[in-house]
């Protein structure tokens, strides 16, 4: 098994490692260097050490963006997973058992297909779509109805207290279907006998959900949390296209990617933008480390 | 695979059907009734919730299709009425002037090649990293996996320079290579874990039979890893299809090569300038419609591919 | 990406010739005065030393040809020319149908590549960074490239040779003599080594004000108010008819609104109010006149506007005005052309200056903001800068200017191009307003110089106009950002 191993290993790694080094590693290293410079995008960067970071830590907008990542990081996975779990439970177990099989409610197949669909649409396209849905006047999908009913319109993207949640809602709207399918698969692989035994013991549906389904799905939930966490750190396309004033009103929906974009491509402050990128990098790393530690709970074998 | 739950099929409460054939004991009957009513409430609530969510998903898309046939005045005055006539000229405008058709084909080309390359190279790297010990293995593995934590944003400007120096700017080749490179971290991370779970006995048997490492990979391990490959391919298709920032920078100079997300975002800005909202809705519809078709045909594969892999 | 409209016009000038009016001495005088009075863009030297090193990749072979009477700039006849046009309010048809054709006629062997974009910097920033810029650029729109950074980096072609070349129509007349006086000076920037050179061509005459429908006003017997009391009284009347009296688009065009507030401030306190703001003077934003103007307009926002406008883009709000659901809308005179498709027949765009806020206003009611807008430059480090300059010379020919005016309905800085041209009602009214303003013309430039300050002013103005901030808070936060910019050594400073 060891013979000819190294030529093979090198042969297999050559292309992927080269591609990765050229297009990923080297630009990132350059970006770390840029974060220590002052660079207007044109001309030669000038080394200024940690001055960008000093400026960053006293930048209100930066902290605003960081706070929004905190909200996203909690809200997006919690809401999405809660809704998706409930739906997955309904679609797989909610109908009780039939002929020895646990079944979902009627129309499960249809729901699964419909719910998943937003996942195949690109975020940029969904953002354009929800621009229309959220419009603040009678031409908006929602406010059109409200105003026909004689109610006041809701300013989804304008009200600073509502804007971020309106954006989170779109992210949840897109994500739920994916996790319904993910959790469904997990539930389908839970042996029906476990539910039956629980049922015989007099467990209610709710007890079953919390005592049987969730522990047995722990691995899947962990995967879901990681994916959604990554999504929470990259909300650029949705914020850039959907929010008013690119992250507004008054920075109420801004995220780091948006600020990086603004500083780089609007203000031409590439060094400062790179410093923000580095900060984003460390935040992401911290999240990943924490998630791995917290979720290292023994999963239930069956 | 774990403890076998014992049960008898005869006295299982048939809660879902509300069958009258219940267990004989009174306590059992009471419990059975409780469960049945609980099921009703839960199912009722659940049905409502499911239906509401389905409406939430379908209505905006349906509404987009309707609006694509309206004119600007109709869109702004009455979002909920039917268009007075089917204005196909909106679609014509989106197709010809906004060139949605071309963007779509470009997306298909770029994502097709990108995912194929990602799968091939990602699987090769993941396999070697998962199943062979050699000096530098851990280093390379973590180099790949750490890419998961890097925001693409950080690299945009230097990346542009790299691509330009290679003469690949404004080419699909350049974008495809970049897509592959940026898809590798997840692909390697995911597939390496997958390859690790494959039994070693098969590989050993293969080696004893005189299989070369390469043949072993392509003829034995890859087919065994099929569920994992499918699911990661689907993730990559979704990811690359949605990619917006990279093509925006790498293809900016040649409108003929733009991909769909870029095109639609541009049209949405143009609609801002030219107030052609109907054209925008038509373009949106054109971007969505083929996805509905593809999804309708392949949804089983998409979902089963996903589930096969994500649970490993 | 939300994109804000506009032609980021900068330098004060009026450069236009109204149809019947002879190029009056008054206007010429105004322009000359404006030019002399401090349009000299002076980057605070010393702060820029660091940026002064040239960009990489500037060693491209540059095409040259033989200089002849037909080809005074020595363009290589078969050299490629890449033209990038901002596809905003003026579209890009004027370039493809007029200017590029003129160039092609002069140099049939040249291959012209045309690109239009709504996000100039997104598309071009990387190309400048890598030393492969296009020859000719219309640098405009929300995402225009920072002129200061371009100048400091030596990216802009010195246009002196083009201005001194014989004009297309009359070989005995230099190009600089075919445009309205002051235009050349307006495009001048100071280089880091202290020289002053023309780098930018500002091509379009732009007048700013508040727009209304002549038809709507005539039908209701309303007249354009000249004082603040008249203005608020009329707003009450309009409101009672179920029409929104005043509005601007908060989602992407808040700068239309700070433009209103600052124009108002200039009328109250005189044009030096704006100069102080441009020069980042201490407490410039907290001047009484500015606070007064902000307070007055915040009241209008509170009483006479529509809260939903904050979430709308400029074209949405402009469409409402076309549907007679909105009475007053602030904008520049590209508005009429931009709305051409959606304007109902007989709508008749009309402009009015800001109503006078107090009886003690330093400037008369007719005072108005006017500028030569729409900046064009040639890239010094492109492959064919001579071709770029020739393109500019063709643009400034009579045929080029006339073609532009006919295509987009706006006046250029070449008077010969608009002679005898019948402007549509809106531009005709802004031309008349400009003429009436006489010497009382003002401008501001901070948004072109300091993008960050523009962004802050936009955000703060939305907070002010939609009732989340007071005039004092508004001034306070913009001043804070202005001070931060002043203290930021990485940002090139300009004064006028």
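Every chain is named by a letter (A, B and C) in the order it is written, and numbering of its residues begins at 1.
Just so we're on the same page, contacts are C-beta pairs under 8 Å (C-beta built on N, C-alpha and C of every residue); 3 or more make two chains touch, one makes a residue touch a chain.
If you're wondering where the values come from, they're calculated on a predicted model, not measured in any experiment.
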item	value
Remotest chain, chain C as reference, centres from CA atoms	B
Pair sharing more residue contacts (C-beta pairs) when A-C is set against B-C	A-C
Central chain of the complex, centres being mean CA coordinates	A
Separation of chain A from chain B, taking each centre as the mean of its C-alpha atoms, in whole Å	13
Separation of chain A from chain C, taking each centre as the mean of its C-alpha atoms, in whole Å	41
Distance from the mean Cα position of chain C to that of chain B, given in whole angstrom	45
Chain C, residues touching no fewer than two other chains	1-2, 122, 129, 252, 316
Touching two or more other chains - residues of chain A	41, 137, 241
Two or more partner chains touched - positions in chain B	76, 157, 265
Chain C partner contacts - residues on chain A that touch it in the complex	38, 40-44, 46, 134-137, 143, 153, 155-158, 160, 240-241, 244-246, 248-251, 262, 265-269, 271
Chain B partner contacts - residues on chain C that touch it in the complex	1-3, 5, 87-89, 115, 117-119, 122-123, 126-127, 129-130, 132, 252, 313-316, 318-319, 323, 338-339, 341-342
Residue numbers on chain A that touch chain B, as the complex places them	1, 4-6, 8-9, 11-13, 15-17, 19-20, 22-28, 30-31, 34, 41, 83, 86-87, 90-91, 94-98, 100, 103, 105, 107, 110-125, 128-133, 137-141, 144-145, 148, 173, 176-178, 181-182, 184-186, 188-189, 191, 193-194, 196-197, 199-200, 202, 204-205, 219-220, 223, 230, 233-234, 236-237, 241, 256-257, 260-261, 264, 270, 274, 277-278, 280-281, 284-285, 288, 301-302
Complex contact set, residues of chain B against chain C	72-73, 76, 157, 160-161, 164, 248-249, 252-253, 255, 265-266, 269-275
Chain A-facing residues of chain C, complex	1-2, 50-56, 121-122, 125, 128-129, 143, 145-146, 149-150, 152-153, 155, 250-252, 254, 306-312, 316, 451-452, 455, 458-460, 462-463, 466, 468, 490
